[in-house]
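Shared chain: chain A. Partners: chain B in the first complex, chain C in the second.
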Partner chain A sequence: MKDYEITIGIECHVQLATKTKLFSEVDNDAREKEPNSCVSPVDYALPGMLPRLNKEAVRMAVIAGHALNAKINLLSRFDRKHYYYPDLPKGYQISQLYQPIIGAGYVALPDGTKVRIEHAHMEEDAGKLSHFAGYSLVDLNRAGTPLIEIVSEPDIHSAAHARDYCKELWRIMTYAGVCFGDLYNGNMRFDVNISLAKPGEPLGTRAEIKNLNSFRSVERAVEYEYKRQSKLLDKGEKVVQETRGWSDDTGETTSQRSKEEAQDYRYMPEPDIPPIHLTEEFVEEMKVEMPKLPEDYREQFKGQIADDTLEILLDYQPLVEKLGETKDVKRVSNWFASVLLAEEKSAEYLNDLPSAKQLNDLAEMTEKAELSSTGAKEVFLKFFDPQMKNRDAREIAKELNVLQENDTGALEAIVDQVLNDPACAQAIADYKAGSEKVLGFLVGQVMKASKGKANPAAVQPILKEKLK
Partner chain B sequence: MLSNFSLEDAEAEALGQDLSQIIEYISQLDELDTEGIEPTYQVFEMENVWRDDEIKAQEADREALLALAPEAEDNQIKVPKVL
Partner chain C sequence: MQIASKEVSATSLVKAALEKAKRCENYNIFISLNEEAALKKAQEIDEKIKKGENPGKLAGVPYALKDNFLSKDGNTTAASKILEPLKSPITATSVKKLEDEGAIMIGRVNMDAFAHGSSTENSYFGPTKNSKDEARVAGGSSGGSAVAVALDIVEFATGTDTGGSIRQPASFNGVYGFKPTYGAISRYGVVAMASSTDCVGFFAKSAEDIDLLMSIAAGQDPYDLTTLPNYYETSEVKDVKKVGIIKDFDVKGEIKEALEKEVEDLKAKGIEIVELEMPTLKYALAVYYIVVPAEISSNLSRYDGIRYGYRNKDAKSLDEVYGKSRSDGFMPENKRRIMIGNFVLSSGFYDAYYLKAQKARTLIIKEYEKAFSKCDFILSPVTPNPAFKLGEKTSDPVSMYLEDVMSVPINLAGLPSLAFPVSETKDGLSLGLQLIGPRRSDKSLLDFAERRLK
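Showing the complex of A and B:
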């Protein structure tokens, strides 16, 4: 098989987290709602209805633009994109073709690779169709939900980078607070354009895989397309420019619509919505109000947390935000990554994290060896126990009886008790005869005698001293 | 909407001719040189017509809206199968 270079561009639809729709004053959160319960005459396209632009959607689009390191176009307009399909009763979608609100920008992937953004525009989402034998049912709850469509340059060259890019976009949009990021409910959807060419040759014909809604399916679809297209090219056949669908079950893409039948959308300026004219001041103000983004946290925690641990934590915005409030970032990040996320209920826990004081106290006690690392983990988990979660770290440690004995006087007494125990006579003799390893056994005996409360690191020197 | 009209063959032919003539007439506009002229997006000089993000009770409820559809089922609009 010959080697091809893969070139990928991605269009991503992001549902904005506004309270109401883009052009009508009805509930924008259709999750768990009855079909057609969040609709207005505007969404229904009754004659004479005038769409009214949601200012908050514009504000969020500006924030999203900043988060994409993009130029914000002070003047932007809406256009009508005509298509005839029951998911949008107007017969056209209100979008921005000619003068989008967000201009060129970029997204930096975790490994530093930059993916340029060509532009991003605002538009309204369409309704949902369910297909049955002989008919389809239309639910317009989602029709009119504000979207921004982010269009990347074809800067991506592997399945892993395609996945990383989508994930980073998801993080950026949720950190920026403009999207709920619920992928299961389609809050973000990805269309992936893929083409192959031999190194140095012009780009090949592309296929577009539509409507992917998980990072894993983006990665798998790209891997599948690489195999499919390279097989065709190896045989001297051509890749058809077309739209393809992806099935998670079969792990394959299938042809949906060839671009030769591509429709003319008869774009025209939207006369119902006057242009958006932003001031420099407003755009700058939004920049000042920007929440911290993944990139800011990478900068902040650089050198304090291992890269791979940080990348795991970055999937959970509340965790990194909390981490930013704590002093011992290294210890707390470790509890978050290896203790909290391993818990079955970790998703629930994320909404109700311990206070910075609880975490700082626990870290300090661990640092001072008042707790063993095991004891610290036990206390940490109690921060999420409904019965104990609001208590101080020290109080919980006392209750769990995991505070370590560091007091030399008290430890010496326990050591003496162990050394006088006839059961230890043999070990003492062995140690004196030069066997260093029995020291571990003796430390263990002291731990046992202290009911686990002695600090082993403090016990060892005392033992050595007394055995001299 | 348009696809809901039904026409007799003779009517269709006559209307087809009318339409061709109308398009031909309007095509005269193509002769104008519009190079470098800003399109007229709007005749009123309005901008930033927007509203606050507040949910408002709607006068027409789901039942009223569904009643306008030719067919409904399970609180949804029923349409001929489309894929």
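Showing the complex of A and C:
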């Protein structure tokens, strides 16, 4: 028996892209920084230190809430979650258990399904431990980074669906501008709860795979867990409720902590931070300021761009944003998807895209057949060349000598030149004898004579006319 | 209070204080003296005076700092082993405000470790002795502060009051001790005990002196989100007509006589005495010993031997670093409260203890609100008994807790309260009473004490 239905709920930690930490005034962006160089007495829990609340983090949480189509709670509070570990200097994490800032919402996925959000709360990140033989080192740069933890309902039912949900969350959070979205540096981390049951039966016992930091590992971990749990159930054994870790190298999950060993977090209301009171006006204001989200772009480009092209581009917010500023979205989206993203340095290029005018001009020239599609690609790539990037499409085309000759008079002269060439006599004879095929050869000869500048579409009728 | 001037130099004031401090060594008041830095600062102030510059409202006034305040001067111990004197990179807001006005800290004074206790016997550095009888306790937890003022070593001392830790030692030593409204003075830089009841306050020799200290130290601090918007200086002084006394407290012996005498005095001054029934106050002690240990267990989690402070050198694993360092570093009373706190917060017990206690706390707050609709202030004993003997209650923590029955409800409600000396027992022990006001009535309370209780 193998027909189990898989049920998945995901908790996602999103690091907010604030300038300073949640409760102190030191730099929140610790990437490329010396360990323990972004740490204040609040972060390392000097006695007598009290948390201050970063308003920017609250603002971003509200924006994130809107992006999740969620209810924003006008009253929310912080709580303390206690456990002992060297990455947690105070011995407790300031989180929100009882009254989180973000209530129920949902995420719409590209396939049209929706995953409901149970709630999302604010909390502070912990530090990072590095383990060596016989000792461990603590880096508190990340301690106190503002997070929101987004808790989904168990609405996900396949590994691919889980991956798509995580990816969509990543897109939404980066589009909303609340997260840098650098997964390699842990900007977003996923805890995935997985259980199996036969269809129609109550949910099975779940295992939680902690701390996944790529969409691929989410997908693989779910696939692995399906196999592991279904094997157990097939044998009539039970799935243990526990926390498991994932290894990208072995492709397996391993037990970390069972329910019996689970910590008692001794939650308590945080007495050092008064409740957060938000006004309706503030919450509405954040809605107005909301940048466009993936779903908005899907709506905008519907029917103009192939779905799969759009889904590729949606991974790069600057591209769809730029696309939205251009007129010929079909052409531009193709340049983005098949030319730009094929480039080795495409990641760099995303930060410095051509202007809408450059793209519009290029599209218009292509439309008017002043450029061949190859020529257009060449000009497009020059938009990213430090030497030429600020120049007009036409200027660049001239410089590259790829403008097509459309002028009938000029083309006729070239055609005459070709037709008078003795090397073409045989072909002309063949054509007149009824062989349409040789027309291509003759067009080629005209192109050659024009050094590639003739527009083949314009050449053909002239040739036909002259050979009548 | 004696402030430095052209006639009386700051240096002479500080030298005199330091000499007295040394003469009183037998009382075990100071954990560390701040001699060098104090004399240096005194010289700077004398220079200012000479040059005609403003030396500040507390110019050259020597004071004692309870050893749970962080400051760049000296090391903080909180009278514990686990802080293994802590060199602080920051100075508490309250300390900075005092120092900016020219006050000079001559030393850090003894207390119950982490302010857990009512006798200063829970200090890693041994108990401080009562100023009137060396066989008796100084009270606590701010025992060192009270005795330093009572023996006239310093003009004033800082304290913290979480459940009576200023008022009880003040009344045991015959000095004024003031616990302001919760949130009046910043807690930033003060070693936390219980965040929702901790208050910074003062010991001095008059209500007038405390008024001056409050005008300097009170005020909103961006580094403490629980501080109230500035109100102290701007609040109106009210014309007090009615003073309430609580019928529910079982007051006996010489304390009862002292209270009755004070009531007669007030009546003679035309004050109406209102008898109050406050039945929920009897739950206050139970509520306090749930809420406060819960917060203590949380606030003391940071002392883990990892980043600063004492670490057991024999520990071979992470669990041992935590277990052994905390086991060696905390006093028995600290451990007792941490264990109570962890118990009441543990899952399955939270609702029955902590949540219920918070509900009862709300009722206590309401009871005071009701009382203050009938009177301006409440007059009450601070403790059921005068200072007890050293060692008398150390083996029975609950009997020690019971001494707090009249002081803790005020902390739960966040009210201001002034302990003031009234008389002495026939054995020469100090007797004090406390005057309690509604929230933010601090200035009126001190004004009334200064003008009407003398």
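Note that in this section the second predicted complex is superposed on the first by the 467 of 468 C-alpha atoms of A that agree within 3 Å, B and C clash if a C-alpha of one lies under 4 Å from a C-alpha of the other, contacts with A are read in each partner's own complex, and residues count from 1 in each chain.
Just so we're on the same page, a contact is a pair of C-beta atoms (placed from the backbone, for glycine too) under 8 Å apart; a residue touches a chain by one contact, two chains touch by 3 or more.
All values derive from a computational prediction rather than experimental measurement.
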### Message
Which partner chains sit in contact with A:92 here, chain B, chain C, both or neither? Use first/second/both/neither.
### Response
second
### Query
After superposition on the shared chain, which partner residues are touched by A:277: those of chain B (first), chain C (second), both, or neither?
first
### Message
With both complexes superposed on chain A, which partner does A:77 reach: first (chain B), second (chain C), both or neither?
### Response
first
### Task
Could you tell me if A:228 is touching chain B, chain C, both of them or neither one (first, second, both, neither)?
neither
### Query
What is the contact status of A:257 with respect to chain B (first) and chain C (second): first, second, both, or neither?
neither
### Task
Based on the superposed arrangement, let me know which partner A:391 touches: chain B (first), chain C (second), both, or neither?
neither
### Touching partner for A:292 - first (chain B), second (chain C), both, neither
neither
### Query
In this superposed model, does chain C or chain B come into contact with more residues of chain A?
B
### Query
Just chain B (first), just chain C (second), both, or neither: which does A:210 touch?
neither
### Query
Looking at the overlay, what does A:330 touch: chain B (first), chain C (second), both, or neither?
neither
### Common ground on chain A, meaning residues reached by chain C in one complex and by chain B in the other
41, 44, 46, 52-53, 86, 91, 138, 271, 273-274
### Query
In the complex formed with chain B, which residues of chain A make contact?
18-20, 25-27, 34-37, 39-41, 44, 46, 52-58, 77, 85-86, 91, 129-140, 269, 271, 273-277
### Message
Residue numbers of chain A touching chain C in their complex, please.
### Response
41, 44-53, 80, 82, 84, 86, 89-92, 138, 264-268, 271-274
### Query
Any idea which chain B residues touch chain A in the complex?
1, 39, 41-42, 44, 46-56, 58-60, 62, 65-66, 68, 73-83
### Message
Looking at the complex, which residues from chain C come into contact with chain A?
### Response
68-70, 76, 78, 83, 86, 88-90, 92, 187-192, 194-196, 222-226, 294-295, 297-298, 300-304, 306-308, 318, 322, 342, 345-347, 350, 354
